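Let me give you the structure first, and then I'll get to my questions.
Every chain is named by a letter (A, B, C and D) in the order it is written, and numbering of its residues begins at 1.
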């Protein structure tokens, strides 16, 4: 029954916020909904950890360790972003950020907030649906749902640039997802050849994975290519990454954080589901070459843009392109080590990335610009907490050792070595070092330096609590991982490697 | 021997450092209290660290213990063997002296700076260093290594107001991350061969390393540890970062953080990789010689006191690498005895350099503390207002130039002996290379002496050259005590070298096999021998006593000549011109002019003189003189690399040019290509 | 222990007596070659005694280092004198310091002399110290190569061992490596003792003086000590050159007969070397300061050739 | 009247209609007029609905009837009417100057069809499959070609509205693949897909309208402010 509740809570929160009109009530609904969601998600993970996969409505919704992990991460990110969103939008409203959008025909400020507080729960609902859907068709519908819900998020401020970003996001997303649909259809066709059943269960993952080895080999090869390109577009892997910088720099920070941390997981989750099928059908060789190629390509594309970046919001986008590249590369290396590295990376990335967006948001609201050129530096004086958190999270996100992402990158490196890809591993480390240098140089020049005399901006309780809370979680994760979480990850690794 | 409480004291020292870090961070609002807590806990931690090291060395056998953590492959496991004990002893001595020194050095921070944050980083640095030296798990080593780099970065950019410090800090952390990347790859390679993450397994699995794997691992580790130790081609961050840090931190940076690279090399080259081929040892030797000679040559041209000392760190790291390289060559040539002597020379010089370099930086720090300027051209005549600092700086200068009877001379003497022994034993090219390295070492020693004559004389002697140096005042009491301890350490290690050498027995036995300490000391405990049957002998203690005894005839000579001689103070000879002022004194630029002309090939000196005159050029109103030497490494090697990278990056930005058609075209082309080539089985 | 002190005392007396005598003889020999009468041989003793009785002027700017330097210069030179085998193969303190200790003790003396020069605060002192340190820095590697060549033969840097091995292998000095090493060490000797081609001891002209510039401010007993130290250093270096390359006449034990024979041979050898130095001084003009490194480069090449030749022949 | 039961006849009709759809698609690539390209899209949707109906009739698969009906109502009726109303409100008649001129783009469309066949050929081996699925087998190549040409039209058009049309024709290709290969996905999935396509078009319509407001032209190549 947990699965049903997991879906109903966000689904109900959206329209409820729509009718409540006043800001305080909407914020309260949003916050409580996501808090409940997180509790349900933890309960689900514990149950799955104890007693294996849970399914309801005769297999329509199905939750094994992998999907429980994605649900948990999405719920965590949603809660943290909603806490931050309260402070963020109060600041935006008081500084009249919505006026420019209104001139261009967008709604008034309070309508904008209503729009946000109705769409975000639906956005989270579709993310949860992605993880729980047993039927690959419904999986596609859910991911299409996330795209549709987030187009409005990108279009939120209604400026010319946000329209442009929304248009590109919608069109590229549409094309990507149609490829993914084509891949799903072909998978169904190759399964149809083998199973012959054309009832609803024909596309259920739990049914397909059982006898994936008898699928029609060439069709599965074409299907995996289309799925990789389709869900790769949603994950932001090069060369389908072009929409990401525009979308992340135009969406409001909480929306962008959810896009970067949660939707990335859903897209990678979809890719992993099909990877399991293809690996069982064609053997891991075919898929891993493609995944390694695209993984390294995305990391390679991210490096020059981070080194010579002018806008710190866009730099965050390239960092998330780099991280999706790392995850795909880890999947490409495969084997228990590679998959463990990928899942650890997905977990730690979802915890670390939102703080990066929150700090960037605070800085942008303080400086009213997101260009390095216009920021005179010395932010540590006017906003010590955000400055320190920004430096710390820059080190965490680029995989500097005391933090947890270093452990996942080390596991991925060992996976690369165990598969004998010495040159690829060296390339992998060079990209990581280049990105670390580019990132730290930009952020250090932004945060450190003489005091430009800006007024102190650390007033909002909500923003401060979310930044400090998340920073503490990141520091602790560097040294100690809660045992149930690790058991969940271990279970997910077994699913991906053995494909039970 | 009963089991000495090594693990207990070690964990107590680690606990003290961590508690110190958190408490000083917590109490940052009350600066005075915070200052005492920070220095007090650091001192206590250093004392217990020192105790643990002494017990570890006396114990002789390695002590291992570990605490498991939730994460796979990663355990907090420590291995306190002789090598770890030795480096922890160095760290303890330095940390103790610097904490005492910091008691009053941090007083000037009280109003302006956040002492709590400084204390936090200071304790983090000491903690990470302790863990780096004792980690037995590769992952723990890497994490402690990077935490050390990050803490050092935080401390280097403590005065982050001026651009130069920020630039130097970023250069430091980027280079530190590059070397961490190399180590990451190296360790991953070793872990893949040995299958597990702790050093004990590396030792046993070293024999399975194929020669190509060994070569790749050696290059990666040498690159990684070399960048951290600041050897010549990768040294550019060192003279940039160390001077801008607060003085008590730059002394730690030069003293012990550089030695982390040396510790890594000793641990991995002698244990982790099995018997390295002879070209590896020769490469280390050649890089050592290069670093030594170029380091001292660049130091000669520096007029900023702390940059001069930073370049000298490069020189001394070079000398240590000469010893290490010789040890590697002897090991592969099958002479463990000689390898042990060379290793003792290298590690003894590591300890000596740590002590006198830290002393010199603390001296420079107290000069900066009282005059506010690091530029030697503005200092001068400080020996009168600051006698104690001057004396300590003089002792440090004599020690670093390797002059008897101090500790610098003993370790350089051992290095010479091992190089000399190299002639007879190795074949082919190395027969010539060792004595040539010896002569280069002599050149380095002499140039170091010249450089420190300049540094000491221009800073401390004759007339003060600027208002600040005139108004200089002696350093506060705790700074003097800090320097005093290190001066004492220099003297004790210098004179008592023969009692200190057996400390290395357990170390050489573990790393190379033979226990050489005993036959380094001849029958009567005073004389240090070179290990070979009737090889070179030296005894610093007897030399010191003889020098004192010979003073008697000199004093008799001077005082016995008839009636009491009249001694009066008069003006120095001023060729008849009235009034000798500080402008007549020799400046640092003038002093190093001769060497700049001789080595102009290396320096490419450039000089620019502008005279301001109104009537005729022969009666100038003002002359502006500016001379500089060419930073060859930055200009020739690093600047073009950086430009190439940035130009490539800016060109690559064209793929995100904004047109949606282009974006769709990328996906379309990828799709078509994959369809055509991907589908084919 | 007592024998050691006795031998040291004896050698110390010998050093103190012979050093001024040797510099006096070299001065008169140089004068004779320039067809001048020149001062009598004992002039150096008289100079030192005169200076000891004179009053002393210490510059105002000078610190305690100015007054410590003369003692350090004298004492280091004297100690080195005890470490070098003069009349017998094993020098009194050879057990406690080899050739490296000799080189570095002289470097200690030079270090303090340079500091003393700079302490006076006048530009002459700085001039002298800068030149002295530069030239000694360039001379050091050449000296080390020559020493290594000789030390390799005896596979030890202990001077007594080297002397014993040299005595036992008669006519060894004819080997090319020994000759080249002698040439290298001879040039370094001239540079270290400040003779004509490198530095002119007799002049006070700023352009040419190096050693004199540093001790310009010293007067009275301090100047006496420094002059005495300089002459001992000259004696010691010449003895080092003589006894490592031409060791015959060194007695193997400290008996009276052996010592007297050794002393006679030693004095003859020193006179011959003095003549050689004086010959070089009178026939050459002083080199410009920036030509001196080329001369020392020549000596470095000699040293390297000597090293290679031990390996080749 | 017996030919109504003869599967051979059904196969002929379906291949004919699929070929017709492909021809219309290639014609749409070279099309100048906006309104007429909307009408071409309507006809294509109608033909697809017919194919779906025939497959449902011959295979007696009831749920495909629903899919056919939905396509007819939505894609053939509602969407074209909506788009034309939008075009009339924005008052632009003449429209399309494609990025690549007409003859070359038609040539490219031809090559893409060739690619579709090469890909379909590489993994379809007629001899094994059972007769029952033979009904719409060669339409896979047409589906891949439709997909690629639809993609290319999005690439080739400046106006926002025509890009939406390209996306819809892309969806048509997918629908054809779905019904011809597997006789339609499970009903719930079909409904989900239709719902998503409808919402997508609604949102794109709002976006086109807002862009028209903000940039007072629908030329998408002007959207270049967000760079690097």
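To be clear about the criterion, a contact is a pair of C-beta atoms (placed from the backbone, for glycine too) under 8 Å apart; a residue touches a chain by one contact, two chains touch by 3 or more.
This structure is a prediction, so every number in the text was calculated from the model and none was measured.
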Of B-C and A-D, whichever chain pair has more C-beta contact pairs: B-C
Relative to chain B, chain with the most remote C-alpha centre: D
Where chain B and chain C are represented by their mean Cα positions, the distance between them in whole Å: 35
Computed distance of Cα centres, chain C from chain A, in Å: 79
Centre distance in Å when chain A and chain D are each reduced to the mean of their C-alpha atoms: 32
Interchain centroid distance [CA atoms averaged], chain C/chain D, Å: 102
Residues of chain A engaged with two or more neighbouring chains: 167-168, 171, 175, 218, 221-222, 245, 305
Touching two or more other chains - residues of chain D: 119, 122-123, 151, 154, 220, 223, 225-226, 228
All pairs of touching chains, each written as two labels joined by a dash: A-B, A-D, B-C, B-D
Residue ranges of chain D in contact with chain B within the complex: 99, 112, 115, 118-119, 122-123, 144, 148, 151-152, 154-155, 220-221, 223-228
Residue numbers on chain A that touch chain D, as the complex places them: 104-105, 135, 137-138, 140-141, 144-145, 148, 151-152, 155, 158, 160-161, 163-168, 170-171, 174-175, 178, 181-182, 185-186, 188-189, 192-193, 198-200, 202-203, 216, 218-219, 221-222, 245-246, 249-250, 305, 309-310, 314
Partner chain A, residues of chain B touching it in the complex: 69-74, 139, 142-143, 145-147, 150, 157, 160-163, 166, 169-170, 173-174, 177-178, 180-181, 184-185, 188-189, 191-192, 216, 645-646, 648-650, 652-653, 655-656, 660, 662-664, 666-667, 670-671, 674-675, 678-679, 681
Touching residues on chain B, where the partner in the complex is chain C: 381, 383-384, 390, 394, 398, 401-404, 409, 413, 416-417, 420, 423-424, 431-432, 435-436, 438-443, 445-447, 449-450, 453-454, 456-458, 460-463, 526-527, 530, 532, 534-539, 542-543, 546-547, 550-551, 553-555, 557-558, 561-562, 565-574, 580, 582, 584-586, 590-595, 597-598
Chain C residues touching chain B - in the complex, by the definition given at the top: 8, 12, 16, 49, 52-65, 70-71, 74-76, 78-79, 82, 93-101, 103-105, 107-108, 110-111, 114-115, 118-127, 129-131, 133-134, 136-145, 148-149, 151-152, 155-158, 161, 216-217, 220-222, 224-225, 228, 289-290, 293, 300, 303-304, 307-308, 311
